[in-house]
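Just so it is clear, A, B and C label the chains in written order, and each chain counts residues from 1 on its own.
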Amino acid sequence: MTPPTAALGADPGFVVRLDQFSGPLDLLLHLLREEQIDIADIPVARIADQFLEVIHELGLNQAADYLEMAGRLLRLKAQMLLPRREGEEGWEDPRSELVRRLLEYQQIKEIARWLERAAERRALQFPRGYLPEPPELPPPPLALELLGFVQAVERVIAAIPQPVLHRVVPRPLDTEGALRRLEVLLAQREVFSWVEALGAHPTIVEVLSTLLAVLELARRGLCRLAQPAPFEPLLVYRETPCPAPAVGEELTTHVPQTTGPVA
Amino acid sequence: MSLRPLAQLLEAALFAASRPLTVEELQTLEGEATAADVRAALDELREHYDFGGHAVEVVELAGGYQVLTRRAFAEAIERAQFAARPARLTAAALETLAVIAYRQPVGRAEIEEIRGVSAGGVLRTLQERGLIEVVGRSDGMGRPLLYGTTALFLELLGLRDLAELPRAEEFSVALQPPRPAAADADEAAASVPAES
Amino acid sequence: MSLRPLAQLLEAALFAASRPLTVEELQTLEGEATAADVRAALDELREHYDFGGHAVEVVELAGGYQVLTRRAFAEAIERAQFAARPARLTAAALETLAVIAYRQPVGRAEIEEIRGVSAGGVLRTLQERGLIEVVGRSDGMGRPLLYGTTALFLELLGLRDLAELPRAEEFSVALQPPRPAAADADEAAASVPAES
């Protein structure tokens, strides 16, 4: 039989899909079976490489469980490479834990197969298809216990995906950084929209920093600002600095709608 | 006297089907059978039920045939109340009820977001059971219905009012729809290309 | 030979129920009937079905009794589309059930350790299908929920009780290369409980 990894590369029609395995242990058993390997004496290095190759071929996007197993196999591979003295006392085969898990899982798989057959056999017998309307009696009293209720709440909470908690870092306004970005833009171009200094997905902090920086540059007389129409972005015009800039004058003269909202 | 093969087939089909079956449908069970064969086998089955003292009979109904329990036994069965399972809520119903109890008034969309599964059938069951009721409409898109728990709900749990729900504050805070990580401000900040 | 009154009552009740009924439940049909009376009447009904050549039989299931069609008619019923089999379980669901059936009461962590994959989704599905339920809490860290199988699990597998599951030791613990799949399947089939 061809090893699955070789087959993957050789024949595009042969596809091993990750969802055909019910987990990394299942995939591992599959590889061992394909290679007719004794579970008790696994050539870890070879199997680890094959395992990695297969999960690589299959795409890793949703395979956290497989990645964890890949990590274990690689650690094991490294452990097997460590030198050991002949007949050393107390040497424990680093593979024994993996062997135990594989055997346990293999047993579960056999039980699962037994259950499946039992269910199939049972499915050959049909219950009565027509069930009479329930009698027109008051429904039996409903049993609701506080303990069961609280457990239900806890189950729901446990099943809610936990939001990733981020460390909250105090974030001061970065006017200095915004100034540097604006100065670069001013050196390159006569006129540009202040929005260009913001980047693709600005945070509110960056918007504020940039706005303050623009105003600061205008105050220093390095640029002048204009807003063509209400709600339109401010335009930043390059200005040669005067020795004695009139503070704020540029702003009021060049912004036709001083009360106009800034987009 | 034992039932003959075609009568056996008809018995199996009439037992397993959820509705009356017509003679034409019953013919499909056995390729060679004519309508007359099927009618003869139906008669055989009917006689078998009648003379064997069975509690069921072959009834002609809605253009087809069905095996039903005889009327004489209906009363005894009703008295025994087998038809309904002992009334306990399923895990899904209980969990939905829990979300409503701690988040009310709450709409279906939020319940589904929190539990991660659709809630339509369960909401109907809970409403039929009188454990929840529509308490209003949200102002949001489509003005969805909002649900809340009923007096019966409190009664069954032995509570005087909602304030007596166990760990009310802790649970009402914990039962939030999951927040997508992308909405996080830190992530947004990280995606701004570094410049200078 | 005609069915006697108690056997008739049982037949009516078993036809009307959507699940196996226990001897205790069947006793409530007839105030004076003892458990022994009910068992005798069940035997009478069973023999009647067997010797009368009926397409249905009395099956002992999940601690109770249910009337089901005989296996021989499954193909004809399905072919005519008068009834459908229940949805098959996925491999993940079957493996999870296997762990729970043999280790119950068992927590999620142990299930995940044995299967090597996270179990949240499968546990939820099995719970919603009514095949497993929360049976308690462990004393360990965080007091995790413990799961066990339900009566519906036994019903689905056609088992009288959990004792009918083969002992875990009967499943080969292969320290040698696994045998071809076909041989495996035969062996599993052979250990399915024989028809009663």
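FYI, a residue touches a chain if its C-beta (ideal position, glycine included) is under 8 Å from a C-beta of that chain, and two chains touch if they have at least 3 such contacts.
Just so it is clear, the model here is predicted, and its values are computed rather than measured.
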item: Label of the chain whose CA centroid is most distant from the centroid of subunit A; value: C
item: Chain whose averaged C-alpha position falls nearest the assembly-wide average; value: B
item: Subunit A-subunit B separation of Cα centroids, rounded to whole Å; value: 36
item: Chain centre separation (subunit A, subunit C; CA means) in Å; value: 40
item: Inter-chain centre distance, subunit B versus subunit C - centres from mean C-alpha coordinates, in Å; value: 21
item: Two or more partner chains touched - positions in subunit B; value: 12, 15-18, 69, 77, 83, 91
item: Numbers and ranges of subunit A residues touching at least 2 other chains; value: 126-129, 131-132, 155, 159
item: Of all residues in subunit B, those that touch subunit C in their complex; value: 1-4, 8-9, 11-13, 15-18, 21, 25, 28-30, 48, 51-56, 67, 69-70, 73-74, 76-77, 79-80, 82-83, 85, 90-92, 117
item: Subunit B-facing residues of subunit A, complex; value: 126-135, 137, 139-146, 148-150, 152-153, 155-157, 159-164, 166, 169, 171, 177, 180-181, 184, 199-203, 205-206
item: Touching residues on subunit B, where the partner in the complex is subunit A; value: 12, 15-19, 66, 68-69, 77-78, 81, 83-84, 86-89, 91, 94-95, 97-99, 101-102, 114-116, 129, 131, 153, 156-158, 166-167, 171, 174-179, 181, 184-189, 191-193, 195-196
item: Subunit A - residues contacting subunit C, complex; value: 22-26, 29, 32-33, 36-40, 64-65, 69, 101, 103-129, 131-132, 151, 154-155, 158-159
